[in-house]
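Below are two complexes that have subunit A in common, paired first with subunit B and then with subunit C.
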Partner chain A sequence: MGDAEKRPWVGYAFLAPSLVGVVGFLVAPVVVVAVMSLYRWDLVSPARWVGTANYRVVLTDPALIRSLAVTALFVVIVVPAQTGLGLCTALLLDRRLPGSVVFRAIFVVPWISAPLALGVVWRWILDPSDGALDALLGQRVEWLTSPGLALPAVAAVTVWTNVGYVALFFLAGLAGIPGQYREAARIDGAGSWQTLRLVTLPLLRPTTFFVLTTGLIAAFQTFDTVYAMTRGGPGGRTDVIASLIYREAFTSFRMGRAAAMSVLLFLLLITVTVAQQRYFRRRTTYEVA
Partner chain B sequence: MVRTTITYLTLVAGAVLTLAPYLLSVQTSVKTPAQFAAESPLAPPSPVSTAAYAELVVGGHSLIPPLVITVQVVILVVVGQLTCSVLAAYAFARLEFPGRDAVFRLYLATLMVPVVATVVPRFVIVSELGLRDTFAGLVLPALFGSPYAVFLLRQFFRGIPGELVDAACLDGAGHPRVLWHVVLPLSRPVLATLVIITAVTHWNDFLWPLVVTSGERWRVLTVAVAALQSQFAGNWTLVTAATTLATLPLLVLFLVFQKHIVRSITITGMR
Partner chain C sequence: MRVLLRLFAVLVLLGGCSVTPEKDTGTVTFRLWDEQVARAYEESFAAFTKQNPGITVTVEVVPWADYWTKLATDIGSGTAPDVLWTNTSNFGLYADNGALLPIEDPQRAGWTPSVVDLYTRGGKLWGVPQLWDTIALYYNKDLVTKAGVDPADLTWNPAGTGDTFLPAARALTTGNVYGFNASLDNQGVLWDFVGSNGGAWQDGDAFVFADRPKTVEAVQYLVDLIGEEHVAPPAADTTTNGDKTLQLFTQGRLALFQSGPYHLRAIHEGASFPWGIAPMLAGPAGRVSVVHGVAAAASAATRNRDATGQVLRWLGSAEGVRPIAEGGYAFPGVTAAEPAFTAYWKKQGVDLRPFLDAARGTTFPAPVGPRAGAGTTAAGSVLEQVFLGQLGVEEGLRRAQSAANDAIEE
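== the complex of A and B ==
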């Protein structure tokens, strides 16, 4: 620490602009959303105090229950798939064959593009009459309008978007493992599968934790892709929680209920984060700084 | 040898799968609607038509106004975020003041707040400020920086040797000068990283602009593309031209700064 700054206001002067943003648009919203959830309000007529009625309505609302199930299923497909495929991609790239850098760059391209635009592109590709995929398959498949296929299709597009991004983190993690560890395993006669399972994967645990946590939190909040591809349909089969909150607030104008749903999402994500941290702290036996 | 071949085949398959949607949409965007309606969606364009792009650039559904607004939003947010976050990070890293650690813990806690859960209350706050459907409403929530950027910069600033800062202070430099002449020049890599990540995030942002704007006046690119998709359902030559135009600027940027962007993503882990 540099000099002993004796004027405390200097620190707050530096902090002030950022603090306005953090308090105004991160802390205040948490308070506002909690208060809003106790009112009935359509944005036009005056808000009316209803106590916990919104929570009672929302928690027994089939739409929310279905949405939570849809979101959970979406997360359960997307997170393991993108983590697994990302790891495999990273292991292939980590062999550092000539041209690996080009492949690495190509795989990141979808992550640079707006999820909304990519969702629109895939909405076309999966279109049963005009789309590229069914033309390629020579068969008409209603990817986005049949109840069983819509969610897997949206999940697949999300995975497609994220694999390269996830691979980047595993690549960085792999680069952080000292070469002699894997070398030693090989000298001791371990095959490449054993080396991967017994040496590489345990040492990658901090990366895996990071990728799973951020992936989970992002997947729980998916909106753009769903909006572009299905708007929550068919029959709510892709109606993830963000999509439901959006509709509740901005097409049905039930602000109180939307706020109650937001609070529930907030609590859900905090629980997930804390649980994940606990779990990994217990399981992480190797400390790689 | 066999392993190398399999590795390459897998990588090539992955690359094809990654790029195919882009190439297919470019191909579709240069077809005439007549050809698109008559032939297979996979058929090569003949004749090549730039009518869709003309419509989206100089025609009645120009994407130029949304492009201009998007660029303005991105520039303002990048400059605002960087300025505010640098100042705050300097305070956390180099200054002592009462309550510093408590405020920093508050910043850390806000990292847990999910964006989607704040959209509804943010909308209410911005509405109460009278900024619904205004440019200010579009920019304001992101203008003052993110706790994540502060966190990242603070880490970096703490790594700068104290002697450098002390020497400057002994020479009589105040904090603004130390920050400007000593700390910032040493922080170029992390600043570049933040510029890139912030620009990409806000270029691609959709939910907030969708919520806070209502008419055509303040439409950003993503919202304009979504509107085109609804308005011209089934007119895929026009819609794919729109998605191509909306994604192109960042792809060009990516081609130029590929290495740096890839590194930035791993440094910040931000989306």
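== the complex of A and C ==
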């Protein structure tokens, strides 16, 4: 220890492998995007400095406003649903019934699968003429092309993908709660609902915070599922922000505007995360014993 | 800034796991997106190297999904291939920014004229025609015989006079069989209907379709085939799955399928019933087929101009493109090599004359301009609603047009 303090570079040398990764793949791209948002660049001709012009254009672009609204609606459906269902699943699996280990694995399968592949499979399941779901319902429902159904359908698939992953975290959280708390509650005469509400949920707060924060960020950045299922249609009803940024960058080749949108999304996510953290900090205890 | 851009380019390249090797003199790189046709090029370049022992050509395939993104970043960072495949909607951006070398070649007379037109921009030619597509009508022989329809001479007319197509489509639609593939298929259906009604899509680079009554009329006719007449599969089926109509045809659930030679192989391998190819549907303005072509362009950043020029000359010769024709992949861009392609399909019992006739008749150019792809994508998301019946045709076309023109704006 004493040697390392005298020679700080030893510490940095040990850090170097991961530092290279963090700087090269995290810090540098963020800086590049921030700088790029001040230029006009189509990837081919030389970039031109335009100052804050990209931001002015982007912030008054109705497409961005609409896309933010679509994204917000998507987040509002997905995050509570996947957190709630994930918690329920975890509570069920926590009972350690025979086979629950197998179920635990099965629930995570969608999450480890490629979202693009899942999107293609679901597009096929939801096909109005030959799809499995409509055959099961015995009724023709145009899930992905009806203005009112497309976003809920894509959101449902996203929730289905994430539930197992969320449940895994809750399971770990539940395992961390010593049995005597719940036992004491039971001896004091609390029913199972009261135990859940007054004992288990408060002790799960660190887990809930983590699951909500990462879930929210992931939901804001959703791209693959939408791309595979609807490409933003019908009429922009599923045109989430990541999909808009992709189009701006790689079909319109307006890298500066796409970068400006990315920076705005970045700022938005930081704000939301900080707000969440404030809320939970007041109510969370990491101490169990 | 330059450093940052370079860095960005490097990051993108790292992301694509691509390493472009140092170019030796005498090595020319050639890039395309089609793995099948790449085999034909390997064969072609083997013959080329035999005639030009000093030059070897490396063929690299970049899948379609990444092709334009990767090309743009490669050109931006100076690591572009020497010769590259391009389509009509993408070359404009590079031509306008001096990233391509204009083609000055005396062989031009032997190339497919409509493809030469597509790649002529600002008075210069920017690519050597490699292959092309026109449109014709695939038909299911069993179904047309049963319905008593002659697919060879079908005419549609929005005014109703002399419309022989609609009654035929109605007669062909029975049970789970649809008569015709009316859908938001730009190349195979939409633009052909617009052209055959005497309408226009673009004027120069700008989109003008909503301002042309003939275009509006043609789109209305198409949309009615789906929503009113029900002689085509519901738009909900065809908009989320671009291959749906092809699948329906090969399953024997679609009688008439207007499309290009790019589906020959899928139909040949997939259809278990007798089928044929008829001329595309005629409209009030006759048969006007979309013609689309792929060309080989040269990067202006090539470090090996002489060798690159020689490769381009080879690609513009009949020997150069013959493997593409002989392998049955596509109509070659050099007229003299055409018979090899038609001979390949004749051996399989398929007569390609309707495609050739379409190429020689009046044609409708595929979209051009530096951001034509972006314009088409932007229009497409609104047109989707028009075909789904969620937006009226006139209102929808107006919105689609302004979306498209916004998207191509600098």
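Going forward, the second predicted complex is superposed on the first by the 264 of 289 C-alpha atoms of A that agree within 3 Å, B and C clash if a C-alpha of one lies under 4 Å from a C-alpha of the other, contacts with A are read in each partner's own complex, and residues count from 1 in each chain.
The rule is simple: a contact is a pair of C-beta atoms (placed from the backbone, for glycine too) under 8 Å apart; a residue touches a chain by one contact, two chains touch by 3 or more.
Note that the structure is a prediction, hence the values are computed from the model and not measured.
Residue contacts after overlaying the shared chain place A:A28 against subunit B and subunit C alike. Of the two partner chains, neither subunit B nor subunit C is touched by A:L204. Looking at the shared chain after the overlay, A:V44 reaches subunit C, while subunit B stays out of its contact range.
Look at A:V78: by the touch rule set out above, it reaches neither subunit B nor subunit C. Once the two complexes are overlaid on the shared chain, A:S252 sits against subunit C while remaining clear of subunit B. Set side by side, subunit B and subunit C differ in how many residues of subunit A they touch, and the one touching more is B.
When the two structures are aligned on the shared chain, A:L118 is found in touch with subunit B, with no touch to subunit C. Touch criterion met: A:M36 reaches subunit B and subunit C at once. Contact with subunit C, but none with subunit B, is seen for A:G235 once the two complexes are overlaid on the shared chain. Within the superposed three-chain model, A:L64 lies out of touch with both subunit B and subunit C [touch as defined at top].
Note: residues 24-25, 28-29, 32, 36, 43, 123, 127, 250 of subunit A belong to the subunit B contact set and to the subunit C contact set alike, using the contact criterion stated above.
Here subunit A touches subunit C in the complex through residues 24-25, 28-29, 31-32, 35-36, 39, 41-45, 47, 49, 123, 127-129, 142, 144-147, 229-236, 239, 247, 250-253, going by the rule given at the top. The part of subunit B that touches subunit A in the complex is made up of residues 4, 7-8, 10-11, 14-15, 17-19, 21-22, 24-25, 28, 36, 40-42, 83-85, 87-88, 90-92, 94-98, 100, 103, 106-107, 110, 112-125, 127, 140-147, 150, 162, 165-166, 169, 175, 178, 200, 203-204, 206-207, 210-211, 221-222, 225-226, 229, 234, 236, 239-240, 242-243, 246-247, 250-251, 254, 258, 261-262, 265-266, 269, 271. Every residue of subunit C that touches subunit A in the complex is listed here, in rising order: 1, 4-5, 7-8, 11, 68-69, 72-73, 75-76, 93-94, 97, 99, 233-237, 239-241, 371, 373-374, 377, 381-382, 384-385, 388, 390-391, 407. Across the complex, subunit B is touched by residues 1-5, 8-12, 14-15, 17-22, 24-30, 32-33, 36, 43, 89, 92-93, 95, 97, 99-100, 103-118, 120-125, 127, 130-132, 135-136, 160, 163-165, 168-169, 171-172, 210, 214, 217-218, 220-221, 223-224, 227-228, 241-242, 245-246, 249-250, 255, 258-259, 262-263, 265-266, 269-270, 273 of subunit A.
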